[in-house]
């Protein structure tokens, strides 16, 4: 991919107007209250994967509407005192897979929880959490971008973002986790969710949104048509009379609106050739982000961003944050 | 597309073994009984689309779990006595659109009902019926092939096929429809649904499955990987430990198992270069079909099959059936 | 497709300079006079397609050079008095197919004629009219964009646009047609032809060019290279010494030059992501259009434009025009 | 491309049944007699291209229906006595270009004539000969495979193959050409035409069909759908009721039917991964070829075949033939 | 990808004839002796990556021609006694990246060494080892499949496979490694290298070739043309006179010839839809493998094979092997 | 390809800042001196290809590091006195092939030498010269763009450009060549090499860089990602920490830096839709070119540029230059 978006000098100052519904905060307050009306009921069941350096738990907690959500938790073996914790959210289409997928952060000496994504987990890594109730009890091949999109109440991401807030609470509830030092992270969709949590959960110490998705939808669908943003294009292409309804719904779930509410320190990343999450949508969120912040720019990268080069940056950032 | 499947001479005798679960009939009896426990409650509301030669109704009836399903009904204007009726089901990803899409059969002098497809209707024509309840109240961009696929009870097509049986009952309930002369039809997914209805609803006079989908899944996923069958491939590719579960579920929804139960006269069609619904999967259903039957073969066609050439065949077939 | 052309705000005022040859009017006057020197000789032969709500005629009339051109005509059954009439032209590569393809306008209570496209009708719907004389007597797989392009006299579209003017005269000659209320329409190539007829046939009451093709060739070939405009690119790519000759020829057939001569009321449509007929070429024609005009903009659509959503707009427009 | 056709051992004995119309010879006798009723009228006009080692002439002769056909002729400079001559026909979509394109054979010391292809010459090299008369006076972007295909009388290749026979007569008429030592050659379409000439013109000493096209159409369209054979697929795909008519026409132009009539020595070539002219269609012609013959097999090549490696083979073959 | 290769029942018994040069063993004995004439000189330099559960060393040893080869070594922290060791080789185009990429095996409690691939490491993960000497001192974008392919002496894989044998010796030389319990593994190219090492280094306890590449070249290039096997196709396509030379060279590096010499216990994997390393090439190696062996078949997978599902199998296999 | 780069009016004045290392001239002086420390040792061996109008020699001379480089030389037969000479360099991936490929210039009456490209010659025409020494003695499938790219000393193009300077010296050493009238030319990579030679070898009379490659790398990799420039993208994409090193190396090999040093008359060409060597990179070199210059613009062409139309321009240019 060539550099199809604005040049870097323009990206660095790109701060587009946001579209924020008047009842944004009310909507989310009501949503989280409803979820918290259910007991969290976090269960940590030891799981055997042959790992000798880490303890692993198969986690279940109650997310949106009290529905059971799966996760993995890992902590270095033999740990006695409380540790800082990294909570990770997963990219679009993926599931929690097996713990082998997530060894880096716990091997660096932190507690770690990765949350399964409801309904997803059938495209590039398997998941175990269905979207709704038992009557449709398996993850599936997407799309999810347009599920329930005709109203903020029914939109898929209302459920998923609520799960994510509850996942942080789950991690914090673990006896070996220091609840004051919880950091959220994730790539792509996981980055978008991290932003949402940073905006919704003031307790979070830091956020590391990596090539974040779910930001500035209107521009995204104008400059690219690749998936997953392309699912919105497809929907509006067919439902020509529902365009404004769609973007009204999305305004409740736009990373820009979460960014202006965030207080946590943040480390972003962006690929200048990212045709899945175009750089202008990432910088739009970054430039609106209200907390202390840094961004790493990967000039020759598409949606993969900095990969392990960026992981090194994140590990250095955590060392500073946690010390 | 070249002719990638068996040559025609082999297709004509291709009758593979079926995989039929022991409780196939019980499963469907239980399923339909549960749906019929809800009142059908078919409502026909006149709709204005500027059509001068036809009466149009916006139809709602109760399908699976009593959920409201939309449809269009059309009848030649000024009709006083009962007419034979064609009931149509829609291809994958499409919705009921506007009545203009469906003028051929009613303009030939028949009553006509086209059923919206729950959840679909966001890819190539718009629909108005969500899959489940109000909490996810909009159609969405697919996929649907793997929704709830880990159990026959939760599988998406259980709901859709049940809706289809109820759609036939809805059409038959209209005062201007002759309930003894109802024919089902549809292309691709609509053809697969027609087969299911032919197997489940003995009252149907004839079936016209056009390049039918939803037949002989195991072979389909071996010889092609295009969508929608490819969604099953994708699911099994990720959930390597769920392959047998998936095919067990599918055995309750395989056109071959409906075909052996069908009594209605049938007119099939097939494209010899069809890479969406490969010809061997269509002939597998045709050769197992228990009723009187004919098939039209389109040698140079892919999934579009015979298009209006085949419509002429269908209109001739209906003339014979109804006379 | 993303929004690759100008943003909407610029499109709305985009009115590029036209390239008009000095003898444009003389060329077309001479061309039409030569065609009219042949008798029109419109023949209407009843055709049987099983339609109960409409009368159908297989039409033949004499077009360019007196060559026989095919069409279908349909009128609601039992009609006694004169009706307004819609004349439709077909998109690139298509033929008149069977009447089932064209039921919407006649079912709305109007007379309707759809003209076959000489030589075309082998790509997406079949046609029955060869381009030239009997010695090459079948439609063929295109391209047509460069046939005879080295001179306006020999260019393919000279013949086709002349046919179209004669098609309007054919429709007007029918005893059940009100010759003062003839409207032309069509999508893509059919839209371009509608514009040409609006410029050449002052008798036409209104025009509904839908995502029109054949407009502002020079820009079209700069911003896209997809077919059919791409055939011109291919020709110039090979015949590097013929570029100016080619664009001189095309200036006699450019929708912009027809648009400035048009008097009929017009309803245009455009897809903002149309990569076959880019929006700037459509707005270039629209902004130059001399008659009263409206345009419907489909923000999320490619060349399919508004489809049945736009048909509803057209039906509403016709109701106003004809009342 | 992988090896998608039969393995070599089967290809070497693949000799499918031919479909030959009863009046094949009568058709061609009548066709050639009609063409020869026009005077050949070969004109050789010296042309300036800066070449110092060769004389170049811009050639015009009368082909099918006496229409003027262009060619280039080249002979080593300073030649006094008669030379053997190579006559070449061009691949699909190409035109005679400039003489630089054709230097190999004349630089080897032979007279050489390359015939322009009527109507083609707009895709990969430019041509100067229109298909029909002045009223459509420019070459164009194809397709040609379906032009006039509904009857052998009107089919495009009737005209082109007749031109080719006349091109041989043109070459033979030149004072520096030894009419008893004329060889025909060409790649792809040029190879197919060479075969036709070998079957129609007994005077030809040898033929070198290189990866020949226009052979065994029925199999070609079954195993590939790439262009140009794919144009036939496209036509039959649309005109579902014309399939038998199409293949009846093609039987008059099938290389297999020319091959059984050929007497000239032949050097064929074939690429085992050729997806434009599949190897089984080439071997079908080769195995039916009635004259003395050899074939060079290029195992790792697609339609480019042996390229200059094969040219070396041809030059060696000519040395033997002409000595 | 659909199932394009033999069906599973045929694959399970597919044992094609091998092509083995008479001096195969002599060639490799000479090659390894020459490499061992250089001191191994394995250096283990502690490296800081923030990992708290593992010790990490940046390794350099002398490979082919005594050239310095890079690797990472990892061992669970605080280890005092000797451990079994896994040595891994990397897939085509990749380099050793950062240690985060390779945490699974050491986290399971084993010593672990991953060898950088000379010259590669610029496509999907970065490497640090050039192919030859300092004069071309950086890894590069491939291809490598044809480097020096005109002779076994100069072929790239002679160097790489020799490095791999030396890597095993390097691992075994570490004070915390139990030299009698070294296992080799790797995916794709890494799997092919594992097979080579199993054939060349009798000291190896077990091999886990995962979807192995570099097996049965002749069949591979016939049924697929994707990269990297496609680089051989490309070479032969251009160098039509070098085909036999190429396959002679490859016979010294064919996994089938290593397989018949192997004694180590083996766990293979294969994807039935693998279009990079087709299943018949994998089964050809497996069926010829002389040691005790098992294979895991992934029916719905392409070249990714079993991924973490297969890792679980490998971890279980290691537990058995090492106990 | 559409016109994706700047419009022509902007291209004509596009003269971006150059990045030139301080020791550019010193680097090249040192490089050429080192090469010239080896004897040129040009050998001309008569070669037999059946050509009757030209003498052909198989040429070997010593290039970079004294390594043997192959070439073909051709001169019109029977020549006695010295001739002007054209020296040609080959496009990326190609080799010297057979002499038939290169007949145009010698057939115009000039001496002609075409240099083989070290290491290349396996993609579209075969070559005979390996990159380095005998230990990797065959050309290979690319890429070459990143070979040794981490330092100017080791970069592949240092070797190739040095060869090219020596090729000119080789041609000039032939007894039938007039050393004062040597012209360099080539397309794409051959055009880039021509520019380098024009900057490095003051003796050259003229240069004809055709759609030149190897110019203004930084912009090239921003606006396209196609190969071969895309190999640099791929390298930087993986080696995120080496981006500045890469562009530092490239600055020694940038056509812009050669252009400002050139004195020879020049004829450039450019395709306005060239997505391999984008027009702005070509105009950047052209506008910086210090000698007398002309450029031919091909508006509708991609990387093929003017092809034989441009050859006619070159032949006319040579006639002027040499007279």
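Labels A, B, C, D, E and F are assigned to the chains in the order they are written; within every chain, residues are numbered from 1.
The criterion applied here is as follows: a residue touches a chain if its C-beta (ideal position, glycine included) is under 8 Å from a C-beta of that chain, and two chains touch if they have at least 3 such contacts.
Remember, predicted model here, so these are calculated numbers, not experimental data.
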Shared chain contacts [subunit B and subunit F, defined touch]: A, C, D, E
Fewest hops from subunit C to subunit F - one hop per pair of touching chains: 1
Most distant chain from subunit C, judged by the mean position of its C-alpha atoms: E
Intercentroid distance (Cα basis), subunit C paired with subunit A, Å: 51
Whole-Å gap separating subunit A and subunit E, where each centre is the average of the chain's CA atoms: 37
Distance between the centres, which are taken as Cα means, of subunit D and subunit A, whole angstrom: 63
Subunit B: positions in contact with at least two other chains: 125, 240, 309
Which chain pairs touch, all of them: A-B, A-C, A-E, A-F, B-C, B-D, B-E, C-D, C-F, D-E, D-F, E-F
Interface residues, subunit C side, partner subunit A - complex: 1-3, 273, 298-302, 306, 309
Subunit D - residues contacting subunit C, complex: 95, 121-126, 132, 134-143, 145-151, 153-154, 156, 231, 234-235, 238-240
Complex contact set, residues of subunit B against subunit C: 49-54, 76-77, 97-98, 100-101, 103-104, 106-109, 125, 308-309, 311-312, 315-316, 319
Interface residues, subunit B side, partner subunit E - complex: 221-225, 233, 236-237, 240-241, 243
